[in-house]
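I have placed the structure first, in the form of structure tokens, so that the comments after it can refer back to it.
Just so it is clear, A, B, C, D, E and F label the chains in written order, and each chain counts residues from 1 on its own.
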């Protein structure tokens, strides 16, 4: 049976939810106050989980210090204290919902990890709203 | 791969654990101080998870504001600031353990959600005791 | 300068807020859903703070294990898994608001502690509602 | 002795820290990544404390439902899902640091409360950074 | 569908991470400050999850009081306020990483539980680092 | 009125509580399992509060990034992943209770801060046990 190891990191970002193909009225109806054209923001809590077999010589699935550095280098450096819509190429055309941010982060980190390790992302947008990808 | 989205809501309720088919002695032996006939109570933390594919036009699996309203309307309105044993028809004959409350909430919400969406319930009775349904 | 030491304990209780001198209409208007005659309940988080000088031979203001046992013996034994209105003589005539519960607990513990130690009570009724006595 | 009652509310906002009287270089040196001209954001946790004597007929210093509605009406309606620099007249000339936001909120709520009640503000900008006003 | 019930307990322990087959230089390179020969320590948060069918006569998958007593008797009695490397036979030859501690706890509790109940362990070494076994 | 600004940092350390002037029997009677000669450990949550007037040109009482760096440089570098009894000169003769650790940290940081700024320390040894210095 495999072991899952998880590391939590945080980033603080501004964003706006809207679909540029829609009218202002439709965006307001669907996204409400999240559609503020001047943006709003969140403290995102990001939990990255890696699943694998512990290395018998270290007892680690993966050194969580290494995982923390990877998340900082590849994810936080481009998202922390940024405007997701304006500062990140990932969200030029993609609406920065928590669902889409989680999938983007999964795609960024997937290519950095050993193919034998499984990867899961949990992202809290607020204390009471969060998403997980993949779902299982 | 699908995405899971979750919303936390809270309700504060009184309850008593006992089996009416048993003697007082057996109820005391099995349920201890949870069997107080004058009731005790909890702040229940309820986390409702919905699994599905994000809609490409919104980036949402489901608008969490809609999910919050649904939980408030269908669950909290009948459980918050209530006595689960006396005020709710669900627990006339069913012991209001955290396990049973979670299954009741799943049954209530299941019929409100699109058939393509998967539903999971996590319920904290105290900070250190919680249940999940279904388990996987 | 003195040091404050604090211990958190928890109790789960049912209660109802109302003033028996008032009509049902006035109680409903003032206390709303907290006035449910069948009771509701909470997980109360209780933080007891004792202020004094550390004993040079132990480095303790007061052994927090002793404080924990005191809280369990004098407070939790009469409030945990109880109905505050029905099971406690303290609330026969006193409305069990968080304010009043905190003052009652302060009065109970004050007589158990050395006169040279200052005592403060913090009581969370929910995650978002809490009281402190004395206020400063 | 008086009792303190507290209510926590949350708002999610974008902001940028800078002093318009300074050069870009000086703003970068002082405010670092908080000076991103495209803004970043936070989930602000706001705890409002009111100190007074419990009313003998209710047991309340102040009904926390009333305090919650006041915070929502007077503070959250103008700050939640907003850009503090662009959307709020309070921060046209005032840098929206946590310190300044707390003082602004205190000034807003002070005029809404009975003169006999003392008011304190605690504001978390992140899980690990927070401010209190007044300090004592 | 089955229900999962979980109980959180805590233990405070010292440990040191190293591989006795390696040189000091290699241990320093791999384990860094976790390799301090004088030990360091953690407050471990342990969440034990048991999956099964609720008993129709009690509404319990398993009485969480019983589970709490089992964890205290079989796990905390040997790990709480101990030095994992020096005081526990489990870690004489096994490096006490969070991964290995979780597997050891699973093996201890597995033999105490009914064969029809599934068992899962979640162990927080710090607020931001945690492991789960089995991973799914 | 002044503003208080606070920064939370964490360190993980081993310690043992005992008085070398006492017999083993007396140390066991007073300190119980905290007297394990092989040490145990904690994740300490340290909250450092600085009180002063916000600088009108920045809106800061003190840049919390500067405060964080100061805590890391002066406190965490000597306490994190250390054995407080064996690795720190502060606790050669002083029992490393939470009370004494808080006073030591206050003395370390006091000399690093502007004389016009007031300093307060809050230290969680566990989730449920914490100390504050000075108490008011």
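Everything that follows uses one rule, which is that contacts are C-beta pairs under 8 Å (C-beta built on N, C-alpha and C of every residue); 3 or more make two chains touch, one makes a residue touch a chain.
None of the values given here were measured: they were computed from a predicted structure.
On a Cα centroid basis, the chain most remote from subunit F in this structure is B. Taking each chain's centre as the mean of its CA atoms, D is the chain most distant from subunit E. For the touching copies subunit D and subunit F, the fraction of interface residue numbers used by both falls below half; the interface is of the different-residue type.
For C-F, the matching interface among the pairs B-C, A-B or A-D, defined by over half of the contact pairs being the same residue numbers, is A-B. A comparison of the B-C and C-D interfaces places the larger number of contacting C-beta pairs at B-C. Least-squares overlay of CA atoms from subunit A onto subunit B yields a rotation of 120° to the nearest 5.
Our note on geometry: subunit A versus subunit E, Cα centroid distance of 28 Å, whole angstroms.
Between the CA-based centres of subunit A and subunit F the separation comes to 34 Å, rounded to the whole angstrom.
Residues of subunit A in contact with two or more other chains: 127.
All chain pairs that count as touching, in label order, are A-B, A-D, A-E, B-C, B-E, C-D, C-F, D-F, E-F.
Subunit C meets subunit D in the complex at residues 17, 19, 21, 30-32, 94-100, 102-103, 127-136. Against subunit E, the residues of subunit F that register as touching in their complex are 10, 12-15, 33-34, 36, 38-43, 80-83, 86-87, 126-127.
Contacts from subunit F toward subunit D in the complex involve residues 1-9, 49, 51, 54, 57-61, 63-65, 118.
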